[in-house]
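The data blocks that follow each hold one structure.
Shared between the two complexes below is subunit A, which pairs with subunit B and subunit C, respectively.
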Partner chain A sequence: MDGLVITPMLVVLVAAVGTLLFRRQPRVRLAVSLSGAVGYAVAVAALAWYVVIAPAAPGIATYQVGDWPAPFGITLVADGLSVFMLSMVATIGPASLVFSARYLPKYDRRTFYYPLSHFLLLGVTGAFLAGDLFNLFVWFEVMLMASYVFVAYYGGPQHTRAAFWYVALNLVASAVFLLAVGGIYATTGTLNMADIAQRLADPAAAGIDPAPVVGLLALLLSVFAIKAGLVPFQFWIPTAYRAAPPPITALLAGASKKVGIYAIIRLSFTVFAGAQVPVSLPWVSGSSPLAFVGPILFVMAAGSILVGGLGAVGRDSVEGVLAYSSIGQVGFIAIPVAIAATTSSPTLRRVGILAALVYALNHTIAKGLLFLAAGTIESATGTTDLDELGGLAGRSPALSSAVFVGTLALVGIPPLSGFFGKLLVFDTAVRAGAASVLALLLVGSLLTIAYTSRAWNRGFWGVRTPAVEDAAVDPIQVAILVGLAAAILAVGVEFESVYRFADAAATAALDTESYVEAVDPQAVNGGEQP
Partner chain B sequence: MTAVVLAAVVGSLFALGTFLLLRRDLIRVVWGLAIIGQAANVYLLAMGEIAPASFEAVPILAGHGEEASHAQTADPLVQALVLTAIVISFGMTAFALVLSYRVYEEHDTLDLSELGDQD
Partner chain C sequence: MTTVIMRTTARAVVPIILVVALSLFVEGHNLPGGGFIAGVLTTTAFALLYIAFGLDFLERGVLGRDIEPGKTPSRDRVVIAYRRVFSFGLAISVASGLVPLLFDLPFLSQTYVEFENVPLYGHLELASALAFDFGVYCVVVGGLLTILSVVGAE
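After this line comes the complex of A and B, so read on.
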């Protein structure tokens, strides 16, 4: 059954190659792409069932590629955290691919669109399943390469410029990632995550000095913050999100961004948390690298909430508002992670991760829905400029109600998924007893209400503009949006099971012991004679 | 001694790469990116401990086909990692060059400060 771990990757890989092969048969290619999307969702659901949901679920499954034992071979690990993240991608990924099929025909440039979007999914999936640091790097690159092409996809002046900035930034980030990988190898003598965790927990037995790990973790943190778009690394997001085709932006915001969050949680909590390194810097002291991660992440998150919220209030296009909004929302995800890193109470730590995961799930579905809706509005009216929109609510009630549900989920109205996300984030702050954090979260929430209601008022209410009057709204695109809105509602109504799933994910993220035990890295005796 | 030379090389490559990255000319920026990538590769290679120079240190030659002692050979793992990293950075440099040509076609300039003005 451990073969299930690699199945989602194989499914998208086959779909990617298949869509390349059937380049000249548009119908076959579309069928391959869609069945790949559906197959991906099924494979992830099966994996989630096998690992976490089933009655006697093991909670973690590993796949050693080619039967090479860890730490020598390539290890894939599916634990609660990975599976939870994969489930999020399996919601927005297929939705985006099906949406693309309806959105694209107007633009006659779809030759490499499908293969690339499958490769993007492959990179994201690989990053969630990778069990060693270098493979994480490689899957990051796979994901990034596909996204570079998508940012430059339309090839106009602003697209090429956005793509060049995006490429330059991420190439520097990749070099920094390599530095951190090299440093960690020199420090611990291994790159397998379970093996790193094992050696750091007992450095004397492995004969290593764990002190450099804190600095190397800071390097990694900056790389992952770039992927997640946390302040001060947020500047690429608005241009890149506006340049990429809307269905892909939904994937970038829903899936790629979460890879950054996932990597921060996985490496800080599962892998490096066990290291005993005395940290004593101004304002920061503690005995684990987490004591160092917490405050930095907190400052980044606070900056993101403010920059994202304030930026979104002033934007004049739907995508602009959404792009800045996703900077702010990532701040909301990072705040509980920062609290979890700072606290010493195991319960609060679990609650913090749990809150971050639930919020991330809500952000993936709601922001994915809204970016897809921006695509629908653009293909129906030819513009996403809020000045040229108005009265969409009367013109297309179905589209508007789906957007309305997505917007309310961002704001956090019960019984939608966003309510529980916000509730848990606030709960974490209250339990930590941090009044300043609560104040910050409140300001962030008020900003969210401000920019969403402003966008709604200008785009959906009021007098119909000529662009809206002539709009031809595609029914199938709207059906996908309504489906996602139903998913938001379903998560809220069935929150108890979602909570159990997220709880299993948070527990897995903190359970280094089972992680190490499942991967079972063999002892390596350095450079000695075997 | 080797360690000092390597450290100096890595340091100057990073310095040169950063300097080029901050130029206004798009092609120099691409050069800067390529050089920073290579600097990271040299650094990665140096992380596998520096073995004394002899043909015994080359993993594939050591032991002449017989089983080799790990004590003498250089670390083969970092070499494998660097191979992968080189391939990735090669592909990315090619893509960045094509992209800068496309930027030139769209904007009729390679000056980054002029790209920012048109919006």
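After this line comes the complex of A and C, so read on.
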């Protein structure tokens, strides 16, 4: 049954190649793409069932590509954390692909749209499953290559400009990533994550000096912060998100961004947490790299909440508001991670990760829904400028109610998924006893209410503008939005099972021992390679 | 660049490049070489032809076709063929990875057979990795030549 681990990747890979081969038969291509999307969701569900949800679930499954044993071969690991992240992608990925089929103009440059969106999904999936650092890098690149094309997709001056910035920034980030990967190989003599964790836990037996790991982890952290769009690396987000087609932006915000969050959690907590490295910098001291990660992540998260919230209040287009809101929401995800890294209590650490995961799930579905809704509004009215919109609520009640649910989920109103996300994040802050964090979260939440209600008032209420009066809303697009809104509601109503799933994910993220045991990297003598 | 020296050199060098590419390709799985580098080398042979004889040489000189006037570079028949090679290579690579699943082995598992006393070659080792490498070769040749001819024409 371990073959299930690689199935989601194989499904999207075959769909990607299939859509490329059938590019001259639009119907076949669409059928391949959509069955790939559905197959992906089914494969992820089967994997989640097998690894976590089933009664006697093992909790972790590994796959050695090409039958080469760890740490030499390519290892894929599906534990609770990976599977939880994959479930998010399996929600927004198929929705985005079906939406694309209705959204793209008939004779648009579709030829490479489908293969590339499948490759984007492949990169995200691979990053969540990769069991070694180098392959994490490779899957990051697969994901980025596809997203480069999408940012430049429409080919206008502002798209080219956005793509240029995006490519330049990410090339630098990739170079830094590779440098850090090389440094970690030089320090620990291995790139397999389980093997790194094993060696760092007992550096004397492995004959290595773990001290450089802290600095290298800082490099990695900056790279992942760029992907997640945390302040001060948030500047690429608004232009890139506005340039890419809306269904892809939903994927970028819903899935690609979470890869950054996932990598921070996986590397800091599962892999590097066991290293005994004394850290003593001004204000920061402790005995593991986490003591260093925590405060830095906290500053970045706080900055993100403020910059994102304040930026979103002043935007005049739907995508602009959503893009800045994404920056702020990632701050909300990173705050509990930062608290989890700083604390020494195992319970609080687990609660922190859990809060981040639940919040990330909420953000994926809600923000995915809203970006897709921006696409619907644009294809119906021809604009997403808030000045030219108004009265959408009366014009298309179904679209408006879906957007309303998504907006309330961002704000965090019960019984939607967003409420539980916010509740857990606040709970983490209360348990940590940090009043300043609580104040920051409150300010962030107020800003969220401010920008969402402003966008809602201007776009959906008020007098209908000519653009809205002539709008032709696509029913299938709206059906997808309503489906996502139902998912938000379902997560809230069935929160108990979601909580158990997220709890398993948070436990898996902190359980280095089972991770190492499952991958079972064979001992290589000392710090020297044979 | 189409001087007599250039053309004469190209005539002599291109076959050598192609043979070297072939040898790199065949021994790639256990010596330096492989589908990627063989593909790059093959592309340089084509690039040399383009530089020495012009972009239309393949269609007019080798295939003996007429050139449609006023065509856009990305719709060119040769470029379409390159793009097919690219897709075909990708399909071959993925399919070669999927074959082991039929034998209940992990994705991308490989095996090999050895032949002794092969005429001319002596000892020959035929690895299943060759199929994957062939896919990579096609992707590299198809991809690079598409870029080269489209960008070269513009």
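Note that the second predicted complex is superposed on the first by the 523 of 530 C-alpha atoms of A that agree within 3 Å, B and C clash if a C-alpha of one lies under 4 Å from a C-alpha of the other, contacts with A are read in each partner's own complex, and residues count from 1 in each chain.
As a working rule, a contact is a pair of C-beta atoms (placed from the backbone, for glycine too) under 8 Å apart; a residue touches a chain by one contact, two chains touch by 3 or more.
A quick note: this is a predicted structure, and the numbers were derived from the prediction, not measured.
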{"item": "When subunit B and subunit C are modelled together on subunit A, clash or fit", "value": "fit"}
{"item": "Contacts of A:I6 with subunit B and subunit C, given as first, second, both or neither", "value": "second"}
{"item": "Touched partner set for A:L310, first subunit B, second subunit C, both or neither", "value": "neither"}
{"item": "Partner chain(s) touched by A:A490 [first = subunit B, second = subunit C, both, neither]", "value": "neither"}
{"item": "Contacts of A:D67 with subunit B and subunit C, given as first, second, both or neither", "value": "second"}
{"item": "Larger contact residue set on subunit A - subunit B or subunit C", "value": "B"}
{"item": "Vertex subunit A, arms to subunit B and subunit C (CA centres, degrees, nearest 10)", "value": "40"}
{"item": "Contacts of A:V17 with subunit B and subunit C, given as first, second, both or neither", "value": "second"}
{"item": "Nearest Cα pair across subunit B and subunit C, whole Å", "value": "7"}
{"item": "Touching both subunit C and subunit B, counted on subunit A across the two superposed complexes", "value": "none"}
{"item": "Of subunit A, residues touching subunit C in the complex", "value": "3, 6, 10, 13-14, 17, 20-21, 23, 63-67"}
{"item": "Subunit A-touching residues of subunit B, taken from the complex the two chains share", "value": "21, 26, 29, 33, 36-37, 39-41, 43-44, 46-49, 69-71, 75, 77-78, 81, 84-85, 88-89, 91-92, 95-96, 99-100, 102-103, 106-107, 115-116, 118-119"}
{"item": "Subunit A to subunit B touching residues, read off their complex", "value": "134, 138, 141, 145, 148, 152, 155-158, 160-161, 163-164, 167-168, 171-172, 174-176, 178-179, 181-183, 185-186, 191, 527-530"}
{"item": "Residue numbers on subunit C that touch subunit A, as the complex places them", "value": "87, 90-91, 94, 98, 101, 105-110"}
